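Beneath this line is the structure, given in structure tokens, with notes to follow.
Labels run A, B and C following the written order; every chain starts at residue 1.
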Amino acid sequence: MNRLLISILIAFMAIINSMHAKTITVCNSCEVTSIKKAIALASDYDTIKVKKGTYKEYNILVDKPLTIIGENYPVIDGELKGEIITITSDNVTVDGLFIINVGTSYTEDYAAIRVQKCKNFLIQNVVLEKLFFGIYLEKARDGKVFHNKIIGDAIEEYNSGNGIQLWYSKNILIEHNYVERVRDGIYLEFSDDCTIKNNVSANNLRYGLHFMFSNNDIYRDNTFESNGAGVAVMFSKKIKMYNNIFKENWGTASYGMLLKEINDAEIIGNTFEENTIGINIEGSNRIVYKNNNFINNGWAIKVRGACYTNSFLSNNFLYNSFDISYNSNINDNVFDKNYWSNYTGYDLDKNGIGDVPYRPVKLFSYIVNRTPETIILLRSLFIDIIDFSEKVSPVFTPDNLLDNNPKMKKIEW
Amino acid sequence: MLKILKYSFYDLMRSRWSYVYFAFYLLLGIVLLFLNNDLSKAVITLMNVIIVLVPLIGTIFGVMYYYNSKEFTELLLAQPLKRSSIFLGQYLGVAISLSMSLILGLGIPFVFYGLFKSTAIWDFSLLLITGTFLTFIFTALAFNIALSNENRIKGFGYAILLWLFLAIIYDGLFLMTLIIFEDYPLDKVSLVGTMLNPIDLSRTLILLKLDISALLGYTGAVFKQFFGTNFGLMVSFVALVLWVVLPVSRMTFKSKKKDF
Amino acid sequence: MVSIQDLHKKFGKNEVLSGVNLEIGEGGIFAVLGPNGSGKTTLIKCLLGMVIPNKGTISVLGKNIKHGSNYRYQIDYLPQIANFPSNLKVKELITMIKDLRGNKTTVDEQLISLFKLEPFLDKKLGNLSGGTKQKVNLVLTFMFDSPLIILDEPTSGLDPISLIRLKNLIQAEKEKGKTILITSHIMSFVEEVSDEIVFLLEGKIYFKGSINELKTKTDQPDFEHAIASILTENHA
């Protein structure tokens, strides 16, 4: 009873407090000319309004629940000296700032905005340029990173940072952000129950999105384009991947998506277009692939081994140079009711399903795995002939790898 | 030369073979587009057809035309005309009329299908350009064979063999070489190997368009430069032009020495 | 008009011409004779540049034929076998040849009516009989007004009326002062039209002179026997 009373009291006081919350205005000609000073002057739940102008500040520590709002994108210039904003208090909002020149270091991960061990934060409408790390969430939870723009200028992987990084964070929503030219666009390590949606991550040096040891996350409706290696999901469980677009990830070690040691994921409704490898799978089990489009990829799916009980259902495989490639002739995965544009069978009973099973792994993909230079013979008549003979009696490719119900028409959903 | 070209072309345009060839492509285009309704797939199927069939028809037709128009050639030889212009004229007549059948036969259905509004227009144009190149190359090779062989049966035999070799056997040997020497860096070898066969060359050009994603998966630096930049496109076109120029010059050279 | 020096030609191992020397003056009708395979056609084809000699020089009207094809404007040639592109119509063929030679003739219509070819003008060459083809061939040859005329077996396939017309035509051309070279197997025709004969045997010129000279040389009363005696003497 007492406890309840106290908590009501505290809540009440907080409301009163917020009603009394004052606004401190920062501008170059105001009384308060720096954000640091404004924070020092502010009490809890105050609002700091930063007017248009350039503020040369770094190591700004936000240690009380404040709302910092920029008007017409004031520039915070860190002059490459170190971290710019560090948030250590709960209930902080950062809105509408233009932050540039984050310091680069080989020993410390300087970020434009770091959220450290706190919750209920909101970072929105922030523009970051010339950065090392962008938004770094460290042991944070229940926050939101919304509608930010992160434009890096990374050239080498070893001296560049990530756009949005989550480390031991929980229940974070990352929405409507645009990240380009950093190392990893969005990076999650040991972070669970996060939602990543409607983001665009492009032209990053390494991955557009990168999961490590993170479980129960969901990412949907994002676009990943022209990243060094695409999207990597590694050592994680129960990740849901819905309706994302993976495009134009070209290169020798590039994929739309890389799956490594992933279990129980769902991959539904995604589009993989013009990637060197659509999905590269290694040691991943019990994954459902459904209603995905694989269009014009070099390899739609490359299975590198130790992949069991995955199922590929009702996907469209359109004009890929190779549909599926296996590096062994053992198969424990199921392919059913997919549409394969390379299918040449017929449908005499007109039920929309081809009467002859489709064999998506070609002998030539096996040869190319072995001797990569032979790729130059792709689509040669000779290759068609040996592929045909392998199709008739499989020796090098998995005998039971068949789609028994190949669709005759592209699947619409 | 232009006069000969005019008459050869005129002559061919009235022969039923041109119509058969034209009708075949027209039919193929219509079937691919209107029964299948999938432009990208149609372009891929067409590529297979062009790579295999155009060289075959070019060789057979070239040899056939040469032997059939022998009398005409002799009639022309007694006229005050240069030998080189007689043969070049006839060669161009055959090559141009075949190319026209190809371009019109495939082009008409595609235009009706609404090609100009589609993004496949570049792929399609590239197909027609390589098809035309292949026609010119293989007609020239056929004229070379026919010029060197008085015996028709032999001439036809060599023509078929040439096609068989370049279309299939060459790639088989090529593949074997690559597999046998797989421990060595092979990217240069494989590119050179491609340049030496006009069919492979045209195939590579089309691959550049259709399978660029897969080609960029290979690690070799030479490959990367070749396929990743316009360098490959340029080199391939230069090689194709050489493949036209070399047989044609041998043809004019050979024709100057030949007795009729 | 025509000058041939030391002409050699081999087809593979088969030596067809082995050192032919021949001077043909201006004006008159010359018959080139010889047994089958003696090199008559080869000689003519060398003259026309269709066969390239292994050795020797040929000049026509003082110009070496190696230097370009323009000398052929001075020659009208009637090929031995009249095979034309079968797709073409007679009219088109005539227009084509006129076009190829620069369109300098007006006598084609006269010739067409002379050989009664009007009904065939719109027919395709592939559908014509051998004799009609030969007539077309003749029209094509005599259409142009060149100083040197070469006729390879002009009489083959012709009916008697056409033959007479051909003879008249040849005489008329001779009157104009032209040089005419004829090969034929028909001895009576040769005897009738030619002023001088050239006899080829085993790749060499065996005899060159008038028919009377030949008769005296072989001591035979008539032309046919004279020829026959040469052949039997040389093969006996």
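Going forward, a contact is a pair of C-beta atoms (placed from the backbone, for glycine too) under 8 Å apart; a residue touches a chain by one contact, two chains touch by 3 or more.
None of these values were measured; they are calculated from a predicted model.
Colleague: Please categorise the chain-chain contact pattern as a line, ring, star, complete graph or other.
Modeller: Contact map by chain: line.
Colleague: Among all other chains, pick the one whose mean CA position is farthest from the mean CA position of chain B.
Modeller: Checked the centroid distances; the maximum from chain B is A.
Colleague: Compute per-chain Cα centres, compare each with the mean of all protein Cα atoms, and return the closest chain.
Modeller: B
Colleague: Could you find the two chains linked by the most C-beta contact pairs?
Modeller: So the pair of chains linked by the most contacts is A-B.
Colleague: Need the CA-centroid distance for the pair chain B / chain C, whole Å please.
Modeller: 42
Colleague: How many angstrom lie between the CA centroids of chain A and chain B, rounded to a whole number?
Modeller: 47
Colleague: Report the inter-centroid distance (CA atoms only) between chain A and chain C in whole Å.
Modeller: 89
Colleague: Where on chain B is chain C touching in the complex?
Modeller: Residues in contact with chain C: 3-4, 7, 11, 14-15, 69-72, 74-83, 256-260.
Colleague: Quick check: in the complex, which residue numbers of chain B touch chain A?
Modeller: Residue positions touching the partner: 38, 40-41, 44, 47-48, 51-52, 167-169, 171-172, 174-175, 178-179, 182, 186-187, 189-191, 193-194, 200, 203-204, 206-207, 210-220, 223-224.
Colleague: Using the touch definition up top, name the residues of chain C that touch chain B in the complex.
Modeller: Touch list, chain C to chain B: 9, 11, 45, 48-52, 68-73, 75, 77, 79, 81, 83-85, 87-88, 96-97, 99-101.
Colleague: Residue numbers of chain A touching chain B in their complex, please.
Modeller: Residue positions touching the partner: 250-252, 254, 274-277, 296-299, 318-319, 321-322, 341, 367, 370-385, 410.
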